[in-house]
Amino acid sequence: MNLETIITHSPALIVAVPLLGAFLTPLVGKINDKLRNVFVILTVGLTTFFVFLLANDIFSSGNIRTYVFGGGTPITDGGFAIRILFEVDGLNAFMAIIASILALACVIYSWAFMKENTGLDKYYTLILLMVAGMFGMILTGDMFNFFVFLEITSISSCVLIAFWTNKGKAVDAGFKYIVISATGALFILFAIAILYSQYNALNMAFLANSIQYTFLDKIALVLLIAGLAMKAGIVPMHMWLPDAYGRAPSSVTLILVGATQVSLYGVLRMTFTLYGSQLTIPLKQIGDTSITMNGLLGITLIALALITILVGVLMALKQTDFKRLIAFAAVGEIGYIVLAIGAGLTAMGTSYGNMAFRGGIFHIINDALDVGLLFLVAGAIYYATKQTSLNQMGGLSRNMKYTTVFFLIGLLAVAGMPPMNGFASKLLIYQSTYQVNPIIAIVAILCSILLLAVFVKVFHSAFLGPKLPKFKDVKDVPKSMLLAMGIIACFIIFFGLFPEFVVNNLVKPAADAIINNTNYITTVIGGAVP
Amino acid sequence: MPARNVAAVIFFTIVAVFFVFGALMTHPFGDPGNPEMDQYIIDNTQGETGADNGVTSVVFDYRGFDTLGEATVLFTAFAGVIVLFRRLKK
Amino acid sequence: MISIYDFIETLTTDSGFWNPLIWGVAIVIAFLIVYIIRGFGNKGYKKETEQTKVFLSGNPEYKEEKMHVKASNLYWGFTESLKWVYKVLDKMHTGNVSDYVLWFVIIMGTLFIILGVI
Amino acid sequence: MVAEMLVNIVHIIIPILIVIASAFAVVFKDLIAAAIAVAAMSLLLSLEFYILHAPDVAIAEAGIGACLTTAILVIAIRATRREEEA
Amino acid sequence: MIYNIPYIAVVALILIGLYAVIFKRNLIKIVIGITLIESGVNLFLITLAYRQDSIAPIYHGEISRLMSLPVPHALTLTSIVIGVAVLALMLSLVIHIYRHYGTLDARKIGREEE
Amino acid sequence: MSGMSKIVKTISSITFPFVTIYGLYVIAHGHLTPGGGFQGGAVVASGCAMILVAYGSVWTMGKIKEKHLSVLESFGAIGFIGLAFLGLIFGTMFFKNFLVGNDFLFGEIGKGLSNISTAGALPLMNFAVGLKVIAGLFGIVLVMAYTTKAKGGKIE
């Protein structure tokens, strides 16, 4: 059992270990509560170890790894894939790193945060299932497998959103989330069936190789983009997001942030890998300008992204509920990612187009970490004071010193202030969008300033000001919660201080995987790509 | 009719029109063309897996990982129902 | 292997660069300059005297708890001047699950028209 | 020839029946009746699966769709209220 | 040879389900609508698998006839079980919503008064 | 709740064994005839649901608790994923059908055998999934029926 064997099998183990852990957790929970917590943390830790091992291999060698379930070659003699395939390239490994960091922080945070609740066996089971579902969505190279793991993620997260069933609003948010995700997933399944009907295949690389962009393919593309964009929370399909984020327990919200990003990854994978070879083909000639699909899709995405940023930031400014406010800010942050992707699409092939992709990809991890940290701080405040409304808070920095420091780090990062990580990625996005159209960049910068204003409001009303008499005995939160926040804060500071290192080693392979899908296809198909 | 319903009807119709066109453009009913992948499975199910039932060989062998996911969905649903109806106080 | 120099490289873009370490040095220098300027200030400041008391146009001072500005009172002017925007936004966020799916259908129809017709 | 036409007629009739049953499931104001309509639709769907040479799926649809789905729906309706309008 | 009537039925099922989700106010009706969409997608998958003059993909001794495609059958099995899982969870949440709000009208619950 | 009338109770207790045996048959012959773990599990769960309707959920809950079903389902799931892991250990890959082609158990392959001892790990997986589906589906119905009928509306 040497290291190479482990790396070879790690794509399967990354999904299978949390699944096995989830099946074992109810049995372990019968023995002892502490043992169960340790078991869950060990399971997630082992998964994280596999993820980092695999990612290190992918990033250092630049290869694409495949894993065929049931053995054999990816492609049979006839030239088609019959078995389920995991295919890990730079983008997959990048997303897996995000998911593993968030999952580890979540289980550590949950130790103290959820201590008072009943039903913790099932809680941890569902957390592990959600983590497994996320990893499955990230790593899979098969369309139907993607759908199955999408459903696992949405079902487990809907229960976790409604975990505090004594609150009517939490149950309501869970119901909305399950309706939204069931509808979206069914249309995604419909799209998969349409693709299957035409090419008799479910493997992504095979489909990408043979796709023709017929009328049915257009329908499938629209269904895929719309369904996944709804799960990613793009305005105007974002309404479930503040409900779900705001009313779920904070530890769950952290993973929900990850699940949202994974849906966004799905949009990227479907658009750029599946339809990648069709993106730059001219569709119609009007006068001198030829309309290409990337231009159309890019402009659409930029329009959606600008609305997303504006709505997210403006609504965040108005909110008085702590977590709801952060949720709207998260909507705005997602808008920045989509903006970068759209700008990259319109300028596909140019150097600033590539820069836009790098900025967008870099912003995915920054957004996940920043927003996640803020949600953890919100949870810590809820744990200490049992308050969520900002109107009731004040002067908390006098009692909760560490939490205040973490909030400041998250505030600076999410608003894109130097030297935090948010600035580095937003700089890339501003510069590239400025070359597409200066007005877009100006709007983006203004919204970023508004975001800073939003969080200054939170900082002022929650942490500054005189000590309120009802919070006289408030203590700082337990160590496990501080540790979880510390892990994420360390990553934020690291990414902020060494942006070029991160861009070169993590982001660039992922962005290259987006821009050029030939590698992805040839790994499976072999030399058969025309 | 309120504005919401007007918008709903308009876009509903657009979606319906595109779906119907899609349905008419799908391959003819009962004639999936030349399905290489499925024909391979039909031809090799007995030789490779030993199962007479092609569907079972797909469910558990060729696409076994999907089935694991499906079983996990059921597991999740049961755990979820128990969580939702649990007693909140210790 | 990863060398230490990889960490201190500068993030270059098409028309600029960003290096947090240089930025940090600049911040330290700026702080020093501010500190020096502060040294020129007037030394007539005395604690615990009338100089430091709050002055609210002659009105009596509130208790400490009441002095804290509530979150919903912050940026009141901004929200008031953008009332028309917020009216539209509030109308959008109905909290009705049917509307959420309706938005999904609307986006789907729009994308159908954009991608399907052309 | 006659057999083929018969098969074709069945392939036309059962989808129409399925659509009618699903329309009833939406139209009925009484939710129990709607649940029964869903069950009928599931049963017809199971029949359609059987005719389309998918016996495995037909068994699953009959067991899960027609029986357990209806049971869950009826349980939920009895726990809440029976009429559609509040 | 019949024209694509079953596909039209699939589209009709999906649209009826979508109609129920969008225009109905009762939460259980919304849930029923999602079930209908799911049935439509299942029917679509099975319809794709059908071949004229074929038998089910199950061997009984030595026979060599055209068989319908097995992969969509497997996908539909998965989809059916996922459907019942989603349905059970949705209805559990509906029961909880009824306990908290006392109504099933989608417009009356979850209003955002913050 | 005391359930339904005596007639319903008697008939369902007579029918229940047949339904169960049919379901188990479907599970066991999953690799030969139409059916498999899911279908058979669904049939058995339907039979159990019939008993639930006839005798009432409180009575059924007294006979079998949701905790036991949960443990049973866990065992089924662990069995299934364990078989997949065994494929990794004894075979080459995760989900490798490691038993097929052996002389040991269910190992025979070949055309037209119609023999129960074929298909490698598939019958074992069928059993594991069957157990899981019975426990899962029946558990869902049982919990929902019990909590909507019993006082307090919660399970223990």
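In order of appearance the chains are A, B, C, D, E and F, and numbering begins at 1 in each one.
Keep this in mind: contacts are C-beta pairs under 8 Å (C-beta built on N, C-alpha and C of every residue); 3 or more make two chains touch, one makes a residue touch a chain.
Since the structure is predicted, the reported quantities are computational estimates derived from the model, not experimental observations.
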- Query: Farthest chain from chain E, comparing Cα centres?
  - Reply: C
- Message: Comparing chain centres built from Cα atoms against the global Cα centre, which chain wins on proximity?
- Response: A
- More contacting C-beta pairs: A-B or A-E? The answer is A-B
- Centre-to-centre distance between chain F and chain C (centres being mean Cα positions), rounded to whole Å: 56
- Query: Using mean CA coordinates as chain centres, what's the chain B-chain F distance in Å?
  - Reply: 22
- Message: With centres defined as the mean C-alpha position, give me the chain E-chain F separation in Å.
- Response: 23
- Note on the structure: Between the Cα centroids of chain B and chain D the separation in whole angstrom comes to 18
- Of all residues in chain D, the ones touching two or more other chains: 11, 54-57, 60, 64, 68, 72, 75-76, 79
- Task: Would you mind listing the residues of chain A that make contact with two or more other chains?
- Result: 19, 23, 26, 69-70, 144, 148, 151, 155, 158-159, 162, 165, 175-176, 179, 183, 197, 215, 219, 243, 320
- Task: At least two other chains touched by the same residue of chain E: list those residues.
- Result: 1-2, 5-6, 8, 14, 18-19, 21-25, 27, 30-31, 47-50, 56-60, 67, 71, 73, 75, 77-78, 81-82, 84-86, 88-89, 91-96, 109-110
- Quick one: in the complex, what on chain B touches chain A? 18-19, 21-22, 25-27, 32-38, 40-41, 61-66, 68-70, 72-73, 75-77, 79-80, 82-84, 86-90
- Note on the structure: Note: in the complex, chain C contacts chain B through residues 99, 102, 105-106, 108-110, 112-113, 116
- Note on the structure: In the complex, the residues of chain E that touch chain F are 56, 58-62, 77, 81, 84-85, 88, 91-92, 95, 99
- Going by the contact rule at the top, pick out the chain D residues touching chain F in the complex. 55-56, 58-60, 63-64, 67-68, 71-72, 75-76, 78-79
- Which chain E residues qualify as touching chain C in the complex? 18, 21-25, 27, 30, 106-107, 109-112
